[in-house]
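Paired with chain B in one complex and with chain C in the other, chain A is shared by the two complexes that follow.
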Partner chain A sequence: MSGGKSVTALSLLRLVPMPGRIVAGSITLNGRDVSRLSDDEMRGVRRNEAAMIFQDASNFLNPIFSIGDQIAEGIADRFPSKRERRAAVIEALHSVRIPDPERVATLYPFQLSGGMQQRAVIAAATARKPSLVIADEPTTALDATVQFQILRLLEELQTEIGMSLILISHDLAVIASVCSRVYVMYAAEIVESGPTRDIYRNPAHPYTKALLGSILDPLEERKPLTILEGAMPDLSAPPQGCRFHPRCPAAMPICSQAKPPPATISSGHQVNCWLHAEPAVAA
Partner chain B sequence: MTAASLYRYVLLRLVQLVPVVFLIIILNFFLIRLAPGDPIAYIIGDAPIADELVADLRSKLGLDGSITQQLLIYLSNVAQGDFGFSYVSRAPVTEVILSRLPATLLLMITQYVLAIAVGIVLGVLSARHQGSALDVTVTAVSVVGYALPVFWLGQMLMLMFSMKLGLFPAQGMMSLRYSMTPVEKVFDIAHHLVLPALTLAIFNLALIARLARANMLQVLRLEYIIFARSKGISERAVVYRHALRNAVLPVVTVIGLNIKTLITGAVLTETVFAWPGLGRLTFDAINARDYPVLMAMFVFVGILVVIANLITDIIYAWLDPRIRLQ
Partner chain C sequence: MSEADLDVPGTLPATSASSAAAARRRRVMRNWHRFTMNRLALFGLLLLAGMIILALFAPIIAPGGPFGIGGTRLAEPGARHWFGTDHIGRDIFTGVLYGTRTSLMVGLLSVLMALAIGIVVGAVAGYYGGRIDNLLMRVTEIFQVMPRFFLALFVVAIFGANIWGIVFVIGILNWAEIARLLRAEFLTLRERPFVTAARAYGARDLDIIVMEILPNAISPVIVAGSLQVASAILLEAALGFLGVGDPNEMSLGSMLNNAQQYIRQAWWTVTFPGLALCLLTLGIALVSDGLNDSLNPRLKEVGL
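So, the complex of A and B:
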């Protein structure tokens, strides 16, 4: 487990393995602060409200339990009868478009392809019809065509079970095709947020601009790629002020001294950058 | 599906066993032949004996044929469970060995059950409470327990618990008391069993506890544990269903590989505690140059190790579908 995004994802459901812990900030889900729940209440949240999908499904399935068992254990309390539970497992596998669900339920992870494993993980996560699914780079480990199928599936499940989806990704094309709202994070902090369209058409933060500038456009061969100098800061000792200032092409003196305040670009589009700070706040 | 595939796997492994056992027996035959000297000369000694008599003895003992013929005779004897007669007791070797087998099996099974059960529990507990007083104690004690020589440990336990404290008998497997009810007898044997079983168990317990702890710590950090937890199941289910079964796999392998050290352990412990089992028998046979018994023990131990490995493999396959279904 590495990288700010994945840790963020895990913290949402308090799944960061020991000795990691949540130091600051709050996580509110359906009106409750997740970081303040007891372990038991947290289990309830995981059981009934929010589920998670991960990057490399093959590592997230237990190698020695059948697919059916791994889905069944999450819904055991809802379907105490064995027969009903089995039916629900088949139904879950069916809902993620796995062909021949009766047979697949008896198979073990190593007998499935990467795409099928990811579908099985999604089936286990959505079998309880959660109101929120957090997907951490759900398609990065997959082939392009399978990637597309999984993304379609996630979109369809969104409407079928009425769940919200938080997609954590580096892949700007994936984000553009799936998300309605984007939060851009740099060094574990949100630097810009807004409707996807606004962010892509009219990025306000220098980091967002650099990100979008790093996409190769096949139609514009000669367009120069933006390349950011430097490396990600050490998160245990992040830079003072704006965390992006050591690498920012537009950095000003104030950037290394104080955290930039949030500023509104347009309705729902916010940015944390001194370039956009209202004069009154900057003074 | 699971049962059927396991059954197929066991059958396959059993078939693979046949040539291995065959090879053990053939190797054992040539080991005997490697020993210098002519058995006939040994039997006759210096006595002046007619040549016809010598030839007669040779054919009676099956030593007149070619080496292939002799091998065939040996194989057919072994196949019938005939390993000849002990020089010391004059009894058939097979009978001698079988009469000693229960004592050793009792000792081995007791100590292994003890070592596996306690070792895994301690390993899991100290992994779950990493850095706690329990964890530190378990780690320290298991390093020591692993390093202690069995014979020394046996003698120390004997000194402490039977000489000084008088809690347990020091020697043998049964009191020399007549007229015991069957229940009394069971308790008497159990009483005698404590020290030798403990002596053997401590080494394995230390090994298993250390392994179980290390594997558990490693498995608990794996992604599928996070996924299991994300399903909102109880922490108990996460640890004991998802983690433990995976963490135990390498422990099973090591126990299987370690079975052959059981033989040395048995020889040492049974000698220290005068436990009337196979280890003691082997030790006595070495001292008395009782070759028929020794030779039979080689075959017997060889087959025992093969069977133990088979059982290990079956347990592994039962625990891990990746093995079972390959």
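So, the complex of A and C:
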């Protein structure tokens, strides 16, 4: 599992890897704070409300069961009759645009390509029609054309099933093409959030600016990339004040002393940065 | 979730249903093929199957029972007594049949018992880890360091020579190995992403243990278990040889014990029970070796 983003994704379903645990904050889903549910209730949430799609699908499929069996296992309680269950499995595979679902259901994970494996994982995740799908870098392991197809599929499923999608990614192009709202995280904290368009057109936080500055522009070959000095802080002992200040090009004395308060840039666009903390700047 | 769950002919167009069935048949055939490719394993399987059939039908083949006296004592092998008779005139062929029957029963039942305990302990210890693991593994170690043969002798001496007691003792002696083996598999498998995925989809611990991890972890246990059948048979024979076997059940070991004094006059009294024991354990060893080769996923070829 790869570092911080996946931990965030798992934490949303209260599956923080040992020895981690959720110490503060709340997670609200469909009007309920799931961070306070009992373990049994939480399992119900995972079964019925929220599902997850993972980065490297090949590892997230059980190697010794056929694709159909694995999807069937997840929906066994909803379709007690084998006949209906099989039909639902075929339907789930069909909904993720897998050609010849009857045959693919009998195949084992190692017999599928990466893109097909990811489709199978998406089929398993969406077979129960969850209201929320958390996708952790769902396309990182795939090549660009397959990546595009999977993203299109996720968007289509969003409208077909009526699910919300949380996409966790460091691929700014992917985010721009799929998401309507962006939360920029640095060192496990949200530093800026807002509608995708606002964030990309008008980034307010120095970290967001640095992120966007690191995109290669195919039209301007000689454009220098923004480089952030230093390395990610040790999260078991994060920096005082603003966690970004040791690497921030615009750091001020106050940044190392206190956490910046949230400031509103425009409607729905918020930033946690001392640069914008003054009312004059926010206006 | 078994494959059969998805096999519902009639829900689909006939072509796809039959192609799914055909694919499954191909898969079974492939595993079978891999097993039979292994000449030694196939030989072992035939050997074992032959002995199992003989043992099963012992009461029909030899209706007199193993303790019936059917001829003169120490008669040479011939048309009437294929394997000759022993020192009190019992037919050795009959004795070998019933002895094999006892051996197989003790071997299989004790290993089933060892598997039942070992799988539960190993799975729980490996899956939950931490304090539970620590506790269970210390208990397992206690069973592993016990001198097996002497414990078996001790228990039989105290509680009397009863076939069920012997099964119980051998089962108690063997579960620790199964538990450790399965625990090791669970320790690595529980960290695998597909287990996280199952949890993210709301699977219970029991579902994850039984449906996700155990099927991935069971192969080495099957192989170890099949080898244990052979060692259980030998242990039962050893108890019989020392004269502490169940006197109501014919045992290859006690036949060897009785035959000791007659080795020079009547070679057949030791040869045939010894040969039966030898072939039985050889057959089991070859089969378990073949199982290892065909079940081990790391040895499977990739692709269709």
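Convention: the second predicted complex is superposed on the first by the 276 of 283 C-alpha atoms of A that agree within 3 Å, B and C clash if a C-alpha of one lies under 4 Å from a C-alpha of the other, contacts with A are read in each partner's own complex, and residues count from 1 in each chain.
Here, contacts are C-beta pairs under 8 Å (C-beta built on N, C-alpha and C of every residue); 3 or more make two chains touch, one makes a residue touch a chain.
None of these values were measured; they are calculated from a predicted model.
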| item | value |
| --- | --- |
| Room on chain A for both chain B and chain C (clash or fit) | clash |
| First (chain B), second (chain C), both or neither touched by A:Arg47 | both |
| First (chain B), second (chain C), both or neither touched by A:Ala250 | neither |
| Touched partner set for A:Arg86, first chain B, second chain C, both or neither | second |
| Chain A residues touched - chain C or chain B, whichever exceeds | C |
| Partner chain(s) touched by A:Ala258 [first = chain B, second = chain C, both, neither] | neither |
| Which of chain B and chain C A:Glu102 touches, first, second, both or neither | second |
| Which superposed partner A:Ala173 touches (first chain B, second chain C, both, neither) | neither |
| Touching partner for A:Gly74 - first (chain B), second (chain C), both, neither | both |
| On chain A, positions contacted by chain B and by chain C | 1, 10, 13, 15, 43-48, 51-52, 54, 56, 59-66, 70, 73-74, 76, 106, 110-111, 121, 124-125 |
| Residues of chain C defined as touching chain A within the complex | 1-3, 5-6, 8, 10-12, 16-17, 19-20, 23-24, 192-194, 196-202, 204, 211-212, 215-216, 297, 302-304 |
| Contacting residues of chain A [partner chain C, same complex] | 1, 10, 13, 15, 43-48, 51-52, 54, 56, 59-66, 68-70, 72-74, 76, 82-83, 85-87, 89-90, 102-103, 105-106, 110-111, 121, 124-125, 128 |
| Complex contacts: residues of chain B adjacent to chain A | 1, 130, 220-235, 237, 241-242, 245-246, 249, 319-322, 325 |
| Chain B partner contacts - residues on chain A that touch it in the complex | 1, 10, 13, 15, 17-18, 39, 43-48, 51-52, 54, 56, 59-66, 70, 73-74, 76, 106, 108, 110-111, 121, 124-125 |
